[in-house]
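To keep things simple, chains are lettered A, B, C and D as they appear, and every chain counts its residues starting from 1.
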Amino acid sequence: MAQSMAKLPVVIILDMAKGYGWEPGSFGYEMVAKVRRLKDAAYAANVQVIHVNSMRRPTDHLEGNPTMMVGTEALDVIPELQPTNKDIIIYKRYLSGFSHNDLDYTLRTMGCDLVIIAGASTDNTVLWTSADAHQCRYRVVVVEDCTMVHRENEPPGAKEGALRIIRTVLKGEVIPLDQVISKYLVRRG
Amino acid sequence: MAQSMAKLPVVIILDMAKGYGWEPGSFGYEMVAKVRRLKDAAYAANVQVIHVNSMRRPTDHLEGNPTMMVGTEALDVIPELQPTNKDIIIYKRYLSGFSHNDLDYTLRTMGCDLVIIAGASTDNTVLWTSADAHQCRYRVVVVEDCTMVHRENEPPGAKEGALRIIRTVLKGEVIPLDQVISKYLVRRG
Amino acid sequence: MAQSMAKLPVVIILDMAKGYGWEPGSFGYEMVAKVRRLKDAAYAANVQVIHVNSMRRPTDHLEGNPTMMVGTEALDVIPELQPTNKDIIIYKRYLSGFSHNDLDYTLRTMGCDLVIIAGASTDNTVLWTSADAHQCRYRVVVVEDCTMVHRENEPPGAKEGALRIIRTVLKGEVIPLDQVISKYLVRRG
Amino acid sequence: MAQSMAKLPVVIILDMAKGYGWEPGSFGYEMVAKVRRLKDAAYAANVQVIHVNSMRRPTDHLEGNPTMMVGTEALDVIPELQPTNKDIIIYKRYLSGFSHNDLDYTLRTMGCDLVIIAGASTDNTVLWTSADAHQCRYRVVVVEDCTMVHRENEPPGAKEGALRIIRTVLKGEVIPLDQVISKYLVRRG
């Protein structure tokens, strides 16, 4: 299908950072292995991976006790997804992967036309990143089994509700990892 | 409660435009009278109203058969919410009320610190506008009975799901019109 | 020369609006005829023209007595450059043609890769528009005899100084109208 | 004078990075000691310093042989202006200090209303940063003897021409370091 051809797909992995508590045995940890597979498939296909992690500054005047403070280890990509020396690392200043940073400029100058989005949380960073990508006119693919609502005790439909919006409103493709790999992560020159 | 004090609230009404089919008897039309009340309360309280409507250009290369084309009547605020000569009219180029326009600049230069959001659709423009407002650090209030999913045959939880995200993720206040009026639309100097 | 091939050039005409006093006999009026020729050449070549004019709002809290207020005739393109029904009209909220509007989005979705810039003033709107275009990675061409410092009593080098920056720092091409026409405004499909 | 009161000034130092060749004996090196004094005065006055340095990525598709590549030492603030642990470090993706990064968001959330700009080059990064700051409605002060055109063999008026534009068009204040210190870098709580 012509529509499935992407000139230049890019994989965007959201908030898989130490500060968010991705520890063996912790809530949702089983997704990490899946995201590892996504990264490896991207490398094999010669597709660029971009990690986008949160970053706050002490001057931000955020309420409460904000984490993910600049200069701390919390901002680092978790060890399971290392090394990152093949990846682009971008920091987002608030919720969306595009918030107040060079993600759009970087995708645009690369010639990217389609983003493959993974990470957490589906109803937060993944949702806003999908919306901003769509509004900057990148095609949006979300990897269904590489995203989750990374907060315990959420109502059961939280993830599905966000994915429904991505499908219905943003016309995004929400498909499982195997399908993402066979459709978009095929070897490129 | 100190938290409820806003230095300068602004009412933002999204996509109540002729091109979206707000006709007597049509799906969802009963919300129009509520939004009229919201506008009147804002006027009475000397609070600025901003209408943000969609605008597409023929050069946008959008798929399908896009409506809301620049220069057409479809972009006009519906007659029930006229006159608009006290209001600011801003066009958004895509989904969010902030997309590729001067909404943030206009709010910022006014000194606005809180936005009261109404209009359609809750899981589309209202959701993205709330997220962008929050990420530009305006406090977000959504008028629960002045917003809807303005598409027929959506699953029943569509509106509630979007409002849950606004409440939980964006820490927005989602309250009914009467409460918005008594809390934020009190007469100002 | 390969470098001179543009996939999609667009002509941007800055601040040729009634509010800026382009009246027969007024300072700098002789440039209007040149800009008319530029527009006609663009039409003949099937190249899109975009007028970008200033727009202020009463809520902007600008110092002094700002002109170019929304809703006034001052914002209209001058009669000599009418009709504008083939053109795109975009309002800029401050100095640069890109300031707080959809110019970048519009160029980007069109597929534009090169902007041909004309209008006033060379050391103000033309300079900032050139810089923003360059930083959004459009190639920049400024029409040397279709731009001026539209303020009387400026030092003689004001225009040349700004053009030097465009040439040296922004790597822009600054060439006269005849050359712009023969190089970039050739008939397209 | 009321106009000189700033609620929250911030010092922005542009492109004083290793990759730009600020070595003892090199062209323009004598300015480094002045910028050191500016930083010390800011510290003494409890005013935040922000270093903004260039950063390119290998995927940027820039022409020629771009320097200032991410992950290299070239991006570091020069030793003479160390330590930077009291400072905010922000990377700009192209020319302006505001280009595709969180400078505006950071200033805005701090409550900054006035920026004191120093560094290189006056007719490039300093000029675009001043313009963007002005268009985001920060008051602009440029430290006359802490800025230079950091390229040899430029025409003599290059710096003055850029400062003239900052003064005339952007209504910026261009004053020497001593005056900046006595006017804006007075001890704050």
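As a working rule, a residue touches a chain if its C-beta (ideal position, glycine included) is under 8 Å from a C-beta of that chain, and two chains touch if they have at least 3 such contacts.
All of these numbers come straight from a predicted model, not from anything done at the bench.
Interface matching across B-C, B-D or C-D places the copy of A-B, with more than half of contact pairs shared by residue number, at C-D. Looking at A-C and A-D side by side, the one with more C-beta contacts is A-D. Using CA-based centroids throughout, the chain positioned farthest away from subunit A is C.
If you average the CA atoms of subunit A and of subunit C, the two centres end up 39 Å from each other.
Computed from the mean C-alpha positions, the centre of subunit C lies at a distance of 28 Å from the centre of subunit D. The geometric centre of subunit A is 33 Å away from that of subunit D, both derived from CA atoms.
Of all residues in subunit A, those touching 2 or more other chains are 94, 99-100, 109, listed in ascending order.
Interface residues of subunit B facing subunit A in the complex, by the touch rule stated above, are 94-96, 99-100, 121, 123-124, 127-128, 131, 134-135, 154-155, 157-158, 161-162, 164-165, 168-170.
On the side of subunit B, the complex with subunit D involves touching residues 108-109, 137.
Those residues of subunit C that touch subunit B in the complex are listed here as 48, 57, 59-61, 88, 93-94, 99-102, 104-106, 109-111.
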